[in-house]
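Both complexes below contain chain A, partnered by chain B and then by chain C.
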Partner chain A sequence: MDGWDASTKSTVTKIPLLTTRAGPRDGAEWTKRLKEEYQALIKYMEMNKANDNDWFRISSGPDGTKWKGKCWYVHNLLKYEFDLQFDIPVTYPATAPEIELPELDGKTAKMYRGGKICLTIHFKPLWAKNCPRFGVAHALCLGLAPWLAAEVPHLVDTGMIVHKDNVTATKADA
Partner chain B sequence: MAGGEHLEKDDVKVAGKEKRVMSSEVVDSNPYSRLMALKRMGIVDNYERIRDFSVAIVGVGGVGSVAAEMLTRCGIGRLLLYDYDTVELANMNRLFFQPHQAGMTKTDAAVQTLSGINPDVILESYTQNITTVEGFDKFMGSLTRNIKGESLNGKSGVDLVLSCVDNYEARMVVNQACNELGQTWMESGVSEDAVSGHIQLLIPGETACFACAPPLVVASGIDEKTLKREGVCAASLPTTMGIVAGLLVQNTLKYLLGFGVVSKYLGYSALKDFFPTMEMKPNPQCTNNSCLQRQREYEATKPARDAAAKAEAKRLAAEEAEAASVSLHEENEWNICLLDDEEPKDVRERIPDIPSSSGNLPQGLFRELPDSEVLDKSVISSESFVDPEGDLEDLQRQLEALNAL
Partner chain C sequence: MDAELLELQRLFQATQESKAKVRLSERNVVELVTKLKDLQLLDSDLLHTITGKEFITKERLKAEVETEINRLGRASLVDIAAAVGVELVHCERVAEQIVAEKPDLTFVQGEIVADSYWDTVAEEVNEELQESGQVVVGELANRFNVGSELLTRVLESRIGKLIQGKLEAGQLYTPAHVSRIRAVVRGAVRALTVPTALSAVWSCLQKQLREGDDASSGGVSGEGVLFQSVLSGLIADGEIKGSLRGGGAVWTPAVFAQSQRQSVEAFFSQNGYVSYDFLRKLVLSQPKSYLQEKYPDGIALETVFIHPSLTSVLDAASEEAISGGGWIDALPLVPTTFSKSDAALLLNLCPSVIKGKKEGTAVVLADTCLVSQAFIKAFSDKVEAEVRQLAEKAVATHLSNPRKVVVDSTATERGASSSKSSVTSDKNFEGGDDVSQGKVGKKKRSTANSSKERTKDEGDEETGGKGGKGKKKGGRSKGGIGLLIGEAGNGSTKTVKQSGAIKDSDIPTQEQLVEKTLEWFPDMESAGNEGEDYGDGGALPKSLADLVRPTVISTWAAVKRANFNASAEDRRRRLDSLQQRLDEAYANLQLFEKALDLFEADSPTTLILQRHLLRTSAAEITDMFLKAQNQEKELEEGDGSEGHESSSAAPDYLSNGERMSMAKRLPGHGLSKRAVELVETLEGKSVEAFEAALEAVVKVSGLRLKKLDKKSERALLHAQKKLLSVQVEEENDPVALLPKVVALLFVQVHSRALQAPGRAMAAAVTRLKTGLSEESYQTLMAYHTSTVQLLSMQATSDPNETDCLCEEQINELNLDSNVSRGN
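What follows is the complex of A and B.
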């Protein structure tokens, strides 16, 4: 599992694995898969909060195909927060959801147009290897979290994003 | 069809006027004379048939836009164009789009240019993403309408789908649609380092589908470890994209008009000028249910196909015997080797038949992604799986509670 830091590696192994191979056009099987997605996300979020590493909010519509939320990253004690959204593709879970941060569209080369984050070359092979066991929670942990850790400091240092003055973070709510 | 007109989303542009006659008359004013010459030269039996064909091009980027222009200039009957992106100045290292089109959707800009080049082509523009649930439904809806815009009740209304997208996710969606429709399609791709590419023919049930085995790509010859990816997503070259578009449309013309050998897989390595070829059979363990269904249907037609192949072999043998008896009477006084010695069937025989998932790929080809593993122990130490029980609404409430904390 090249390409991730030790803490990401140890975190991802603690997210429960999924078993149902079903996408949003698969009716009752999708409902089953959706329940698994929620369970994995709940566990991941509880874990983050317990480890003082809460970093996203997420929820979906009733059919579980559209997900929206927020994610944030703390850099030099300042909290940078972004809207987060993605669709579950019709070919899920064979293909991973493509996570979008629309506010950062056009601000970094590590992003496809439309605001989809550009993942490392290691992500898709690992996702393919672990299909259908990986779900949304794994995609956030292995895809979005490392992306924010790499890109936010760069975006701040190059002046592409500026902190909203009234939002200051302390270590406690980081 | 007026150029410069801005189309609304999903607008369907249908040529209302009579098409020009496809004449073979050799005059400066005839746009089709050089194409119709293919018929006179005996390359193509019936070139005018090009007008009967509908081709869907998914992805109107560096490859798709050029493929669309080639087919437009060839006088294709109808093109369905799909893309949700807009033209950017960063695309100007590629062919087709022009700086003044920056900001337009790629589909609208393409219709603007293509309708100016050849007003005979019926152009349908779909400005949409195909990977979402709604997008996929619209995609299927458009593919199942005929040239008059009539719904065919779930039957495909196009002759070929060309995938010119730049990512695995969208290719898998095209694969899904074509497997469900039993629609033959061609895949194309250019590597992110811009120095290799490939085209592939996919016939549901008959050849491997895109999900039967991890995607096959051409080795660029560069060591992955030395390839620097810092600060960039992908590189691109107009040359590689133009070459791949050319290979794709050449294969399209051969497939539609029935001449030459239609390649099953043709790779291109720019650094070595190397063109590997291969064929892949469908995987009986494919995870795509529609693929399995198409495989069963194809298997059911085996007796009929065997009979047809036998009849064809018999016909060819008779033809050869006749040709041999004719050439006996001819003096070959100049000792010139006739072109007829190279029948296409010989080329076909030289292509090795390679099973889908096996490791023995032709030199220069490799799998882009690994097969899914039963359980990758090197990655997963925990054996913990989710509990299959639980009520969905209750789980949603639990997540909302965590969100509110």
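What follows is the complex of A and C.
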């Protein structure tokens, strides 16, 4: 757990760990797993709210395999918001979900084709080690949150992304 | 779908929907504060703590630092910075402000110290001081961890208030301690009666104190200074009497100074003078300046200091001497402690002396003697008269000894010229001394009567020949230098010099002059300095002698020169005549020798002829030479008159034995040897050998031989011929006539002068045969034969008969000679 900052680490430890080893095709087991996922997510969300650190919204379909939502990052007092989606893979929980930010596809090197963020280096080994205890909440906390904190300021500085207020402003100028 | 799952879904949704608690994260707050600072809504001088978690305003920091200082009384800035958690730079800045605002705070070496802290320190120090009597500030400084200078300053301001004590050279003392030291010092110093180095006193006191209480061994180092200050305090209070000298290092008690002054005063007022030695005995280091300060009207001499009244005695005496044409010596007139230089100085200070010197009526001689010019004049006149008399006497002696006089005169001439050029020069005086040495040497020698050494000396001169003069001169000056170096009376090295120095020996020496002076003025015996260079007598006679000596020498030289010129001429003439005679005789000898060539074929005749020549002409030359040399020598030896007479009375031809003895007696080894050789050749048979020997001996004696040249030979031959013709004409004795006729004929026929003895006559006549007419020859032969007959007859029978026989033949011969003359 070296790659993360202190606050992230402390947050992760507070997210409840999962117990059920089951993929989307495991029927009742999966439901059980899904329930645990939700509980973890609820807990994480509560923690975020309590710390005034709310940074995403997600929801899934009834089978819990497809997840969609939004995430945002505040940089220089400006909020940058991106669409967020990911599928639960068949081999879940052995395989971590691949989180996608379709808006940023092609704008940064730290991303696979199709907008999947690159979490290989730090996140994947940790996930593998903690299988099946880590769930979606952990993936968001350990994967997406650090990624955003690292990439968004960079993208903004290089001008790859522009805040929507400024977009309109530039457009108006044009 | 599981209800539970749905419930969970809903719950999650609800959670997501619920409003987030409004709470600024740390990051947000930092962002906000920065924003506010950017917008200048906050003071820009906002500081943050070392941890970076807190912002702090300057006012707050100041307050915190202040409380910190107040709490501790003395706080290091580093400590404060650590305590308030703000960087040191800010703390420092704030601390400076605080110190500037509050006068009771000081900023010392990175620390802020309140006065109250110093007060507590002072109290603490005082407590300790009262306990132990003395405390070293250095130690305190160490203990309180401040600079000792600072501490000293702090303590100084509190002495008398918080600290009951005295600060002295880095040490604190209690009044009790100080008063104890004061008592000790007072006792010690009061006990001193002679000047004492204070350091010695202090070390002694320190030792005693230390022995007194071992406890206070801590601070002895500064005691000396305390002593010193206590001492000056005591002096200022008048508790002890005296003064500090030598930059406060030596204590001179008043009682000592007083007695010193009193004794000096007493002595000076009693005697009118005081010597510096006396003052030195009283430990006055600079007596001269001391006295000059004390008695401004006194006179400082070299070793004594005198009252002006003291000069009056001397002044009176010198005035009398000047006016009376006499002399005085200052030395007996001044107190005995005066050195001669003092006396000299004093003498020169007398107004009458100054006046006399200025007017030229008096001269100071031998440092301390004043001699009036009148006296000097009288003296020098007297001396001159004496010298003139002496010189005349000496010249008279020399005249009876001409050879010596000649040599003498040359030397005197030299001396005279040098004395002319620089009459008063020192070198001349040296020369005089040299002369005296020479005289002594001569005296010694004459008493020893060793004529051998003497002849050797003379001989050296002779062998030196012409170059010997220069040599003599060199030897003389060398003698002078030798004396300068000062090996007086070292006889062994002198012999060589004396050969040169002996010449002027009769000039009165300095000693003689001195003797004379003392004879005239016996009271001068001890006058003047009695330095070692003046011997046992006083210096005045010597100085006088020196003064008149140039005159003496010139007088002497003048008298001598007048007398000696004649004798020099005499000698030269004699030498010239000898040379001339020698030349003549030698020319004759050579002439005759040439004639011998004609008989070369006839060896017995040649032998006879050579022998004859040696017996006659050669012997004549030898005699002449030997006699002349002998005469010279005798003249030189001083009994010349006798020798002269004897030589003049001697027969024309000396015997060989006489010659030999004369030759052996000749002066100079070389000359004598060669002369002996010469005499020996006379006994030989070869004229050539004789000639060689003659040449050698003549060369040695400084003469020379002239070789016969053609012209002079002819002249000589002519003269010979004339002489012979005259002789032939005048000669009446037929026997004596024969050789002369033969010689004349030889001159005419062979142009050779022949000297032939009777035995060789026959050969000579035969030799003439070729040059004469038959008739003449026959006549000559007949003459010869008859002469031989006559001689043989004469030896046996009566002379009358022969006479007539001869008469006849002579007539014939006359005719014959006339014939030959006609040729």
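Quick note on the criterion: the second predicted complex is superposed on the first by the 164 of 174 C-alpha atoms of A that agree within 3 Å, B and C clash if a C-alpha of one lies under 4 Å from a C-alpha of the other, contacts with A are read in each partner's own complex, and residues count from 1 in each chain.
FYI, a contact is a pair of C-beta atoms (placed from the backbone, for glycine too) under 8 Å apart; a residue touches a chain by one contact, two chains touch by 3 or more.
What you are looking at is a predicted structure, and each value in this text was computed from that prediction instead of being measured.
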Please indicate which partner A:39 is in contact with in the superposed arrangement: first for chain B, second for chain C, both, or neither. both
So in the superposed three-chain picture, is A:87 touching just chain B, just chain C, both, or none of them (first/second/both/neither)? first
Looking at the overlay, what does A:11 touch: chain B (first), chain C (second), both, or neither? neither
For A:128, decide between first (touching chain B), second (touching chain C), both and neither. first
For A:59 in the superposed arrangement: first (chain B), second (chain C), both or neither? both
So in the superposed three-chain picture, is A:51 touching just chain B, just chain C, both, or none of them (first/second/both/neither)? second
Could you say whether A:77 touches chain B, chain C, both of them, or neither, answering first, second, both or neither? second
Regarding the shared-chain residue A:31, is it in contact with chain B (first), chain C (second), both, or neither? both
What's your read, chain B or chain C touching more residues of chain A? B
On chain A, positions contacted by chain B and by chain C: 31, 34-35, 38-39, 41-42, 45-46, 49, 57-59
Interface residues, chain B side, partner chain A - complex: 84-86, 88, 131-133, 136, 168-169, 172-173, 175-176, 211, 214, 224, 229, 231-233, 287-288, 369-373, 375-376, 378-382, 384-388, 390-392, 395-396, 398-400, 402-403, 405
For the chain A and chain C complex, residues of the former touching the latter: 31, 34-35, 38-39, 41-42, 45-46, 48-54, 57-60, 62, 64, 77
Using the touch definition from the top, list the residues of chain C that touch chain A in their complex. 1-2, 4-5, 8-9, 11-13, 15-16, 18-25, 31, 35
Complex contact set, residues of chain A against chain B: 1, 13-14, 16-19, 21, 24-25, 31-32, 34-36, 38-42, 45-46, 49, 57-59, 63, 65, 69, 87-91, 94-96, 98, 109-114, 118, 120-121, 124-126, 128-133
